[in-house]
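Here's a structure for you.
Letters A, B, C, D and E name the chains as they come in the text, with residue numbers starting at 1 for each one.
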Amino acid sequence: MSLVEIKNLKVHYPIRSGFWNRITDSVKAVDGISFNIEAGETYGLVGESGSGKSTTGKSVVGLEKITSGSIMYQGKDITKKNNRKELDYNHDVQMIFQDSLSSLNPRKRIEDIIAEPLRNFEHLSKDEEKLRVLQLLDIVGLDPDALYKYPHQFSGGQRQRIGVARAVATNPKLIIADEPVSALDLSVQAQVLNFMKKIQREFGISYLFISHDLGVVRHMCNNIAIMNRGRLVEIGTRDDIYNHPVHIYTKRLLAAIPETNVNDRKEHRANRLAVEEIYRQQQDKYYDKDGKAFPLVPISPTHSVALPKEVAEQIIKQEGEVKA
Amino acid sequence: METTSDFLNIKDVNTAFKINGKYYDAISHINLTVHHDEILAIVGESGCGKSTLATTIMGLHDPSETKISGEIDFEGTDLLKLDEAGYNKFRGAKIGMIFQDPLSALNPLKRIEDQISEVMTYHTKLTAEQKHNRVLELLKEVGIVDPKRTAHQFPHQLSGGMRQRVIIAIAIACKPDLIIADEPTTALDVTIQAQILDVLRKIQAENHAGIILITHDLGVVAETADRVAVMYAGQIVEEGSVEQIFNTPKHPYTRSLLRSMPQRDNQNDDLYVIQGNVPSLQKMPQIGDRFAPRIPWVKPEEHEKNPTMHEIEPGHEVRCTCYKSFSFPDQVGSVKA
Amino acid sequence: GCSNNSSSSSSNSAVKFSTAYKNSAATDKNATKNGTLKLAMPSNSPFQGITDPVLAPNATDAEAFAPGGENSLFNVDKNYKIVDGGLANQKLDRKAKTATITIRSNAKWSNGSPVIAKDVEYAYEVLGNKESTSSQYSSDFENIEGMAAYHKGTASTISGIEMPNGEKGKKVVIHFKQMTPSMKFSGNSYIWGSIEPYEYIKDVPIAKLASSEQIRKNPIFVGPYKLDKVVEGESTSWSPNKYYYGKKAQIGHITINVVSLNNIDKALQSKKYDSVVPEVAGSLGGTDYKNLKNLKGYAKVGQPALGYSYFAFNLGHFDTKTGKNVEDSSKKMSNKSLRQAMMYAVNVDQVSKKFGNGIKWRANTLIPPVFSKYYDKSAKGYPLDIKKANKLLDDAGYKKRNGSKWRSDPNGKKLVIHFGAMSSSATTEATYQNYLQQWHKIGLNVKYANGKPMEVNSFYDTLQKPNQNSIDLWLGAWSLSSEPTQTQLYGETAPFNMGHFATKKNTELINKMNDSSAWNDETRTKTFKEWQEYMNDQAGVVGDQFNYAWQPVNKRVKGFDISPANDEFYSNLTLTSSKLK
Amino acid sequence: MEENLNKHSNISAADLKRLTKEADDEATPSSAKIIWNEFRADKPAMVALFIVIAFILFVMIASLFINTSQIMQTNIMNYNASPGTSGFVLGADSGGRPIAQQLIVGARNSIGIAIGLTIISSTFGICWGLISGYFNGYIDWGMQRVYDFMMMLPMTMMIIVLVTIIKNYNAVTLTLIFSIFYWEGTSRLIRSRTLSESEKDYVAASKTSGTNSFKIIFREIMPNISSLIIVDTTLSFAENIGVETGLSYLGFGLPIQTPSLGTLIANANDPNNITQYWWTWLPAALLIIVLCLSISYIGQVIRRSADASQRQGTEN
Amino acid sequence: MWKTILRRIMIMIPEVIILSLLVFLLAKAMPGDPFTGSINPKADPAQLHHLMKLNGLYDPWYQQYWNWVVHLFHGNLGNSYQYQEPVTRLIGSRAVNTLWLALFTTILTYCFALPMGMYAAKHEGKLPDSIIRVYTYVTYCIPFFVILVIGIWIFGYVLGWFPTTGSISSTATPGIGSIGSRFYHILLPGILGALFGTVNVVQYLRSEVIDAKRSDYVRTARSKGVPEKDIYKHHIFRNSLLPIAAFAGYSITGLLNGSLFTETVFSYPGMGLLFINSISYRDYTVITALVLIYGILNLLGTLLSDIILSIVDPRIRIE
């Protein structure tokens, strides 16, 4: 059994209008997605802006009211508030946010910020608590004198590490990391990613790693899901996605990653323009009448793509040929 | 470069901000040359003074809050000596600027068309009709599919990518010789980023403009720029062609940056981390190598007292000579990080 | 007729007024004919615009429309006694129990139509109609034959009012159940003093009369001036009425503007107005006098006002069954010595001098000096005499016991007296405070009922309860009708006898003021004096202050005489220059 | 978890004391300190602060020595005595009551009303705004309707009606009546800030940390809008000092024996007093102006100290 | 857009109903009755009782309320006890005065406030700015009626420039003359009201302009080479005026509140003065009607603000 099983998750935001302010339409932010996160792995969720990544992440931690579908954790559907309470779900599942400044209460000292989940879930004495906080700070590489400072006194990278410390304080099983490094500079980004990896190694935590930076995702994740307009278009292992992308959208995303290899930037660019061209021409082949992705069909044990069955089979054949 | 050095020459420019009554240099002793027909990228971490440099060139600083010295020669005029009216002849007409945040950079209450044609009002003698046609033309040029409709819309009705294109349209409306693009793609998705960069390049090719592209994304630089200046803490620490910078980086800072990027093949290794932090304006060391505190294993005597730019091959300059003895700690092995 | 009565009736007052400003300058014919006489009407509330005196709820409206003659029927002398020569003459027939009202033949409304008998009769219909909004009706009118039935609605006409020459005639005969001497005076509560333009308003249901166009927008009058324009609540403007039967009006225009009491001094000082509208109760107070007395370009006229303020004690209750006031000997204030002592303790003279600036003085009795015939000049009243007050209390057994600061009652019980007063201007409230202090001086624990001066509604609400104990003593004021009988205020059955002072002797005296013996003026005067003396001795109700109704007049005005006997007040006015002096 | 942590961190219980002390030394100054620094850097603000504190203290203490009922004794002989005459420092009013003493007691009463009103209405408004802003959905909707309703009420009229209904009202009841109407402004302000604050990630973070709504509202969000709250409260305090003056002017304020700045200023409703007896109202009017100005100035400084970018005081 | 407005109005209905009930009950709860106030020796309490009965004032409150509502639906707000005329007519004439004054005050307020706010913001931190700020602080601290009292004293009495009472001169000729006279009468209260009312607008505008000055789109405009003058004209002022425009609707509440004072001081026969008078007369029908009307005007004010905002601000344009 996987750690978390997400089945056909839908989150629709109502659009109200008309005379009585009734719900007349909805934004289908997440529109039927399913995937599983295994214990100890980093699961990547990639997609362009507005594709529903954050909404998915928030649903998993229980910040979002979901429209339908289920999220199973330890055999229970935690989309129900009661189950979440019963399982002490937020003891086990925590979140790291994109904007490190806004995710730390600017009026609280670091000690209180990190201790917040501890105070809610574990009843420790003052000293025990302080010791824990110090140890956590130590683990994320911050000095003990951070204890009584305020978030604005830290740099972005340090703040993000404080966020990590808070997230791991209760020794959770899963951490949702919603674009944890997008707002950071390169050198700082490296720090944070290193710490996330270190902590995963040491505590055996799983991550749901949300990002639109394919370079970072490749560095962090074993399994990756590509999201587009509220649906998944492709899931697979790192190798599947990066080396054998099938869906045109995935290909397009990959082609758009800027390369640091200056020597063949001309080719790279030509390649990208070619992919763009294909994308424009073949778009309707990859999406249904409403412009939505098709349901996923497996093309290998680890690799599924959102394509009509026939097309998928054809591709499998081609792939097979290629592989062979 | 000596052939076109009469285009834009930035000489020894200093910009200081007033903080609590005292002035602190945000950029110090910047020397740069931009040529026609090239894209000069300026890279560096947040807060290193990239935007300050851009706004200094554009003359957008409030004189009562800033102190600027040096010389900015643009096509034979020293911009820093101009008064407001004189500057306005350049801004928009000869120099266009593209801002980072496409939402707030557009007036929320004006239609796109009005915002674009406003530039032309002050720099051309076009009639209303001509302006209208030019607006549609421009929107098409920056890759907007339905220019008529977009021209009539308000900024909030557009997506981020579209807004950024509108900003570009404004910047190029009068066919400027120089375009300054301050992080034009940071707020955007990779796919849109690629498109925007394409547009920029296309424009440059068509107008033979010089472009200053400010970014902190090394990938963008590698894909787009012809020449690169790396900034650290208000100074330029390395300058050279794209190939020089990416293939044979010299300055420890440049090398560290490149090394901290996630690479295709280092999934299971830790990324390289630069120690310490960028000093804040008020705590900026005024003498010595500003990067020195972050590479403590390089001995003090390896740093110059007052580091200057050294040309180490044609077109490739590096600040400070410490690059000669720099190597990463894990490669040195003996030095403990 | 013109009056030579330059009275200043009270020796107690410091200033002397004449009722007339005798301007020796010659009338400027042109200025008079084309000029405008500007009168201010001091009031904090806009007038209501009801020109009909039957329906008008208060005096402001009457004043605002005074140049129109207030539709009044009779001329009066200085004692408000009805005399011949007005719109109508009145003749009382004691034997036949009738009053005959004869309208002068040339009387016309300002629209040119003649004044007819029905106009007189209709006033009673409007007054007594079941649906009428008038608050002027009182049970006294049921003295007219058939009025009670008409008021109840059981009769459609008033059987006791007869028009011998028909509706269009000039004669009206009113049949009474009983004749009283007060009928000789204007303002009595039996014979209504004004008329209604019947032909003009007959189509309007009486219930809607007050809001009708005929009454509000385009009213007609019988006086020397006709209404040109009324700005609702603010101003009226007038020009001569060519149909007026009497002395022709001389001034081209008269305007009357409401000015708030706060601003009136400044308005006069900045010469915006010639004078204020004459009012019998007086609208300008002591402070105004102080501010205006030396105003350049203005003369002052005045006469004692038709009104007074008083202290009253709560002595009993109103028996709603019998409709009579009953004294209770158990009330806190039933002890006469206590009441007298309290009255001796207050320093009304001092207060009047300080705040009244000479136009207010201590009331020595309950009949104000304006009724010069009945007013008891010699009455002592209650001048300040702390010693006497203390002695009275000591003798009556109100002693300080157990070292208390306060006196207790003769039974040794704690005595707290509740003083009721209406919230008012700062000076007035200062006066209350001063009175409280005076009582404290003689060891009486007197406190505000409710802890502070009460808002006028709550005040009367409390007092009008048939039986109340929250107010033991209060300070009130009456503005009076021009007929001096006391029945409605202090009579046995009078609901306004809120102190329920109702001794046998009192009832007897009050009845005597108006019974057949009172037809003899001398007897009546004697009765009044006797009653005043009795009231002073009993101290159930004691006068507080009398005042002058006074006003400044710009010196360009000629013929300004506010005496009640000047029945042609507005006709007599002329101007001596076109600009204010 | 514990062993886990111990394994990965070389900090143990033994280091606790030492490390805590180290952290203490590095602790950031509290916001009170920051505000104080801000005051020290701004001379006029310092003066304003001094005026306000000194004045309030003076009034509170001095009024203890003043026998209100005694000064409110009328002495008609001293009717509008001018300043300096017969022992009246600031003259006397129409009741011969000393203005100076009335000013002290009146200021105390007015400040008392202002404090009471500010406390009640701000507390209520803040809670209302916080709760309504935090919970979207039906709670917010319902609270908004109540709020809309209150907005609709013509305030002065309603207060006048209420004041007339209550027979025996005094400073306390007056304060309560005002409180009914004065929370709206605060609540609107707080609600809109709470709305935007609720969208910030630290609220989400608290939710995922298992903190309950009540705690999130009052322990997480409230401190973050505390500067707004302080500024709003100081400003409404300044405004509230003068709040009963208008009512007194219309004749519905406190009774005359209860001196207040309002009853004093209401002396100005007689144009004669304005010029002739200026001392009956002018000192009170000036007092209000000075007090309000000082308080709003203090509010400005606090606002500034909350906004790091505008601070003038140096850190530490 | 029309739908939204209609919807807003529908939401207002229950609020108005609750308000009417509340006001009705409160008015009844006031001690006394409309007739006790007119007590004088000539008035017979029996007649007063008769009138009370005639007017149904002894009925239970729900009966009275019901009657009142029924009449309301016939466009009849009852009769004023004090004025003895239909409340609708009575208030009608007063409302014209109040609204006329309010309109004038609003216009003046903006005439004063806009230049002041902009000037202050443009010269932020300099002397004119400080002067204007001190001015706003001081007016903010002085109670409104003090301004009125001092104003009427100086300009009305001492200098005698303006009339001090009423809404029209009694000698005004009909037509142009009467319009002129009415205008002359609201001049001083209008100016004083505006001087007081500017405070909010000035402060609001000032901070809006200062914010706009620092905004990114202004920086964009600069980089387009737009001269400073035009930047202010086309970008800063235009954008700052937007929320101010919406403020106009909300300011109705303030104006109505102020009308109680203005009208009392100037004896100006509008709704505010009518209210004050009606309170002491216990003129229930008038009190209820006035509070209701003020309430509805407040509501309409907010609605107006929202509509204005949605018209001028494309971002929240209502479909």
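Here is the rule we go by: a contact is a pair of C-beta atoms (placed from the backbone, for glycine too) under 8 Å apart; a residue touches a chain by one contact, two chains touch by 3 or more.
What you are looking at is a predicted structure, and each value in this text was computed from that prediction instead of being measured.
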Per-chain Cα centre nearest the global Cα centre, belonging to chain: E
From subunit B, the most remote chain by mean C-alpha position: C
Rounded Å distance, subunit A centre to subunit E centre (Cα mean): 55
Chain centre separation (subunit D, subunit E; CA means) in Å: 27
Whole-Å gap between the CA centroids of subunit A and subunit B: 31
Centre distance in Å when subunit C and subunit E are each reduced to the mean of their C-alpha atoms: 39
Shared-contact residues (touching 2 or more other chains) in subunit D: 164, 167, 269, 271
Junction residues of subunit C - those touching two or more other chains: 263, 266, 455, 458
Residues of subunit E touching at least two other chains: 30-31, 152-153, 157, 264
Residues of subunit B that touch subunit A when the two form their complex: 45-46, 160, 188-194, 198, 216-220, 222-223, 242-243, 246-247, 256-258, 260-264, 266-267, 270-274, 277-278
In the complex, subunit A residues that touch subunit D: 58, 61-63, 88, 90-91, 93-95, 97-99, 102-109, 111, 116-117, 120-122, 127, 130-132, 134-136, 138-139, 144-150, 152-153, 163, 166, 170-171, 202-203
Interfacial residue positions of subunit E with respect to subunit B in the complex: 215-217, 219-228, 230, 234-235, 238-239, 242, 312-315
Touching residues (chain side subunit D, partner subunit E) in the complex: 145, 148-149, 151-158, 160-162, 164-165, 167, 238-239, 242, 245-246, 249-250, 265, 268-269, 271, 274-275, 285, 288-289, 291-293, 296
Subunit C - residues contacting subunit D, complex: 262-263, 265-266, 287, 291, 350-351, 354-355, 423, 426-427, 429-431, 433-434, 437, 450-455, 458
